[in-house]
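In the two complexes below, chain A is the common chain; its partner is chain B in one and chain C in the other.
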Partner chain A sequence: MASGTNLSESLNPATSSEAVKRAELSEIDASTKIPALFFLCSALGWILIGTIFALIASFKMHTPGFLGDAEWLTFGRVRTAHLNAVIYGWASNASFLVIIWLMARLSRSLLRHPILLLTAGVFWNVGVTIGIYGILTGDSTSIEWLEIPPYATPLLFVAYALMGVWAVIMFRFGKSPHIYVSQWYILAALFWFPWIYSVAQIMTIWAPARGTVQALVNWWFAHNVLGLWFTPIGLASVYYFLPKVLGKPIHSYYLSVLGFWSLAIFYNWAGVHHLVGGPVPAWVQTAGIAASIMMLIPVVVTGINHHMTMIGSFNALRYSPTLRFIVFGAVNYTLVSVIGSFMSLRGWAEITHFTQHTIAHAHHGLYAFFTMVMFGAIYYILPRLLLKEWPSAALISVHFWATAVGSLIMVLVLTVGGFHQGLLLNTPKLANTLGLQPGTDPVPFLEVVRVMNKYLVSRSLSGILIFVGHLAFAVNVVWMLLKPRSAEVTAPTLFRNPPEMEVVTR
Partner chain B sequence: MKTPDPREHNTRIEQAGASDESIQDVHAILAREKPEPHEGYSPMPLFVLGFVSAIIFIGAIYIVRHRAGFDPLAYDERYDPSMAATNAAPVKVDPIAEGKKLFMTCAACHQPTGQGVPGVFPPLVKSEWVNGSEDRVIRILLNGLSGPVKVEGNTYNNAMPAFGPGGYGWSDEKISYILTYVRQEWGNTGAPITPEKVAEIRKAVGQRKPWAAEELEAIK
Partner chain C sequence: MNRAPLLFLGAFFAVAFSWTGIILSNQIAYGKLTPVIDQSDNKAYPLPISGQAQQGKLVYQDLGCMYCHTQQVRRPGYGADDLRGWGDRQSVARDYIREQRVLLGTMRTGPDLRNIGARQTSTEWHYLHLYDPQLTSAGSNMPPFAFLFEKRKIVGEPSPKALRLPPAYAPEAGWEIVPTERAESLVTYLLSLKDTYTYPDEARRVYVAPAANPEGKK
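On to the complex of A and B.
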């Protein structure tokens, strides 16, 4: 900072090379605005719809008569609609938002022809809408995670292909000489998703493989849609927003490399652990379980990398909404993955498979990790797209606490409940623990249902809490979209003012 | 020489407009954000090396212990092909027990007691056909029998279906079990019949119309 040119830069910040970069970023952000806003609004719509489906399904678990005479809302349909609305509606739209915005920024590439991308986004959402409608009218396929009826899936695939190609083009023609770790993950996910989706569609629906191979393909897909699609996007966001908000580099490039490649190598094998104990050759299950054990490597390595970056800056969690969501998600990524590795073990799966334990794990991964990271990303991205501040810190606070506490309660309750359920179903000699007469062993199935009731009611309550959080989020987003842009210098919307205001530190 | 205009190619002068206060205000959100993230190059902690090695070791042990011989037909991870080979003994079949199960089919006519139905279905108990020549009784089973036949002094005129080629298609083993059973049950004293003998006759006769009693009587 001692040379002559830098002296003039320090006198007039607008002429500094940093300012040139900022101007470029501003231009890039602006080029992504229309499609990014579209993906955000669709994602927001789908998460509200998906949560309502989830609540209906959850109530039916303990109050079977609830909406019992509505054919469209029977459990089998509404639960499936929930799954597909949050996966293909919320999570994928949020992913597209993050992919486009991050890819444009990190590649230093303007988004060309945003209207074409918008069209692809519209097609994707039309596809999801037709799919959900089909599921509700009873056209769902019987393949879990691929329930969207075959008349809607080609639309999804074509729409995806267009979006994927767009992001790859941005990467290819970007000006950035360096490929940042977030880009590795995004780029990989962009190729992994069409691979798993097309193979799974073909081998389970269009030209079904016979016998257990079909089940293997099904769970290979269902596990990889989390591991090779949502997880990379989630991790890309953590890798970007953590150092971005803190203003310091990611701890170690070497750990990033190890984490990325070990995830790429091992994740794709792990899906078979969903079939432990099933009619699948034992060695295939063993390979899946071994891969699940190996998944500890990327998880721990990535966890260390994030933690070492975060160390010394935990204070920032007190004021930055983005950071709070991102860190909550990153911590839960480590937790859920470590638990997942243990869940794959035969001894553990024996108890927890086909119980609520699995549901807890799914929500832990997709909600407490992925969704929370996406919320954090949106809190950072939206002000840059709209050049406005978030209208209400209180609503952000409500959003964070309701979703964080809600998801943790849900995960905890179902994890414990699932264990209890599994033990009762497996072990015939537990009647005494329920206060039943000796001699009523094995525990009658209806008793297991009765025991589960309290866990299921708690799950519904936690779901209501999460829904409240989503409403707060939705109100904040809509308010922000509608409010006029301030002409003055504005301050960021934080939970509280940091010791040194973020504005001052540029 | 012309002195170069200092403003020429000086991009900073063009950017001076960007210092306009109103533009700065609008871009305040962008201006205040931290620089784009980059990686640090801290070396990997030694702990990671040990951890990765340990996990690879555990994963390898797990595969070796639960590989079940990489056998596509082994569904139990405790299956060990080397043990399976030493433990396996030739499967012993009790022809009487197997025959008793198969007799369900015969009992429809000959009755579970083997007594038949007087005037309609001939008895098997003490029957000279059952206890007599192997060659005859195997032929009856394989190809069937129709027309009048004299059993224990009574004449029956009915049709017995073929259980061999062209009929029920039973294997040599099944036919040998059922015959051994009826030849030794209810106080019958016929010798057991081997699958090899059935195969020999099946080969000699092949598929044909049901036998008549006289034709069989011509055979030893």
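On to the complex of A and C.
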């Protein structure tokens, strides 16, 4: 068993105090190695595939003839393949990695029978692969976020159940007397996802509800995938890595409790805001809007908690890659959620509802928040699994700046573009309001399409930038996996060495 | 918060609450809506669509049309759906009760299609538009669906279904472009999309009258 010497060199003062504790952690980390590496490699593969699908879809939006003869790559399919590759491929695999690694550490429990967990992971990825193949060959269900054809979903469900059981077993038989806030989120997410997924599958595909009740089920699910699956995992990671890297406890226990329960209560009602103005009862739309506004409570509370933890340590952002990604993600969690609350309002949705504004919001949440947090987590976890350090700080730097700048450009361009699009689509109404000649339509539909072109081209450019970031990340990961373990003790890879580290690194 | 059972119970009730509120209560409230039989023509509205149109809907689903086209008309005064001519009235829950899969959509990269069958009635227009949208709507960013058509050698008489393409698009002499079965079904489906019937009950309770613009654009 590898000793904890490598960890002792870690930036983290909290663990470097007691050698015994370190040895135990090291042993726990080692027990998760095989499945964790599998999830990491799968996640990495999917994010590359997903980004390529995204780029194809994005090019098609401004150059519709691009690959126009390939039926399997037509926009409606490749866009859907992109969504499913990044949600069920990248984001879910990254979540599994973080879940088992954090759960083992926080519960102080060895991962038993890693090969069985690995099998579950293989099943999951086979399910996603079959699903995406099905989408590209024309078997998509055309239900947003549930497009994977019904012949692949049972596989996903069983694989998920196995992984959930593993995490719960680790939790149940762990030695830790406490349940840390990250564990609340993880346990709740593991419980929530199979529930919403199975209900949604049954009520939309196996025994579909009549009429627009289906749409309610659809958006109850699709919003909760974010709210009850990815958001909890993202927040669990922030709650763990932020204090870990900084070497100090989280600001307030009580704010954590309040943040958790208010999220649990309000988030799952919010999904109906995707149907504002649609053919579903007005009261349930209003309930969805109210819940979306109430989401300000958990978001602000969590934001304050993280910020207060961070205060006084912003200097550390100059050194630690993990911290930089995590903080970028956490800040964007606050931003995207606050914007999201207001987007649900009827007056706002009237303009932005069916536009690129929504796409901006989705990428803001899933990319600028969730994905960046996952990158941060991986930068912390992988050295502890492989007992070697990241080969290139420069590549980490490229990764960070390309993805951070790329995602912010994309969000900004589409937020503004979507607002513009919505205003143009509503021009006949504006013309009426302004008292122009009745029936005037100053901006016919094709004119809206023409105006949107520049935003869509900019989005493609930001996508290329993000892809460059992903390539840098992939090269670094593969390089790290292949490079031999250095014989002597190594220091963690940082953007630059902080003054107090100079002593340690000789 | 060190008690796991409490955590699970709380997590359970949180989601059970929204499931009951959003899904169960609405399933009870209008999950069993039935068609309305009109005494004057003895038909049950919304009308069922034909088998070929059903086939076409599957093509619509497998190509992912709904990612750019909604099928829901917002009420007059909220957005400009009525003023753009996308429907004479807003869509209501009853419009969708015969649909195995409800494709409301959330994106309007292209126009709403809920009443495309009433708005664009020409089969030929639809074929040309699908073959290459630039033929009918120059500047559109809809992808071409030429793969739904077949180029074949004319044997004997040219097919009556063959597309009448402008010279720049036309195949060489002796060849013709004809829609495949999938294209035919898809167009049949598109032409079936029209919510033109006024339900008496909804007309009293739900419909919003088009206000500002009585003689304006349809």
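The definition used in the following text is that the second predicted complex is superposed on the first by the 471 of 506 C-alpha atoms of A that agree within 3 Å, B and C clash if a C-alpha of one lies under 4 Å from a C-alpha of the other, contacts with A are read in each partner's own complex, and residues count from 1 in each chain.
The rule we apply is simple: a contact is a pair of C-beta atoms (placed from the backbone, for glycine too) under 8 Å apart; a residue touches a chain by one contact, two chains touch by 3 or more.
Being a predicted model, the structure only gives us computed values, none of them experimental.
Chemist: Label the relationship between chain B and chain C on chain A in the superposed model as either fit or clash.
Modeler: Pair status: fit.
Chemist: In the superposed arrangement, which partner chain does A:244 touch: chain B (first), chain C (second), both, or neither?
Modeler: Once the two structures are laid over each other on A, A:244 reaches chain B alone.
Chemist: I'd like to know which partner A:410 touches here: chain B for first, chain C for second, both or neither.
Modeler: neither
Chemist: Would you sort A:152 into first (chain B), second (chain C), both or neither based on which partner it touches?
Modeler: neither
Chemist: Would you check which partner chain A:358 touches, where first means chain B only, second means chain C only, and both and neither mean what they say?
Modeler: In the superposed model, A:358 contacts chain C only, not chain B.
Chemist: Would you check which partner chain A:86 touches, where first means chain B only, second means chain C only, and both and neither mean what they say?
Modeler: neither
Chemist: Touch test for A:228: chain B only (first), chain C only (second), both, or neither?
Modeler: A:228 contacts chain C only, not chain B.
Chemist: Is A:281 touching anything from chain B or chain C once the two structures are fitted on A? First, second, both or neither.
Modeler: both
Chemist: Give the label of whichever partner, chain B or chain C, reaches more residues of chain A.
Modeler: Comparing touch counts on chain A for chain B and chain C gives C.
Chemist: For A:210, select first, second, both or neither according to whether it touches chain B, chain C, the two together, or no partner.
Modeler: After superposing on A, A:210 lies in contact with chain C but is clear of chain B.
Chemist: In the overlay of the two complexes, what angle sits at the CA centre of chain A between those of chain B and chain C, given in steps of 10 degrees?
Modeler: Between the chain B and chain C centres, as viewed from chain A, the angle is 30 degrees.
Chemist: In the superposed model, how near does chain B get to chain C, counting Cα atoms only, in Å?
Modeler: Here the least C-alpha separation of chain B and chain C stands at 6 Å.
Chemist: Which chain A residues contact chain B in one complex and chain C in the other?
Modeler: Of chain A, residues 178, 279-281, 287, 346 contact chain B in one complex and chain C in the other.
Chemist: Inside the complex, what are the residues of chain B that reach chain A?
Modeler: Going through chain B, the ones touching chain A are 11-12, 15-16, 18-19, 22, 24-45, 48, 51-52, 55-56, 58-60, 62-63, 66-77, 79.
Chemist: Under the stated contact criterion, what part of chain C meets chain A in this complex?
Modeler: 1-4, 7-8, 10-12, 14-15, 17-19, 21-23, 26-27, 29-33, 60-68, 70, 72, 74-75, 77-80, 83-84, 90-97, 99-109, 111, 133, 137-147, 212-217
Chemist: Of all residues in chain A, which touch chain B in the complex?
Modeler: 8, 12-15, 18-23, 25-26, 29, 105-106, 178, 180-182, 239-240, 242-256, 258, 279-283, 285-287, 289-291, 293-294, 296-297, 300-301, 304, 308-309, 346, 383-384, 387, 389, 485, 487-490, 492, 502-503, 505-506
Chemist: Going by the contact rule at the top, pick out the chain A residues touching chain C in the complex.
Modeler: Touching chain C: residues 60-62, 64-65, 68-71, 74-77, 79-80, 138-144, 171, 177-179, 184, 187-188, 191-192, 195-196, 199, 203-204, 208-217, 220, 224, 228, 257, 260-261, 264-265, 268-269, 271-272, 274-275, 277-281, 284, 287-288, 346, 350, 353-355, 358-359, 425-430, 432-433, 438-439, 441, 445-446, 449-450, 452-453, 456 of chain A.
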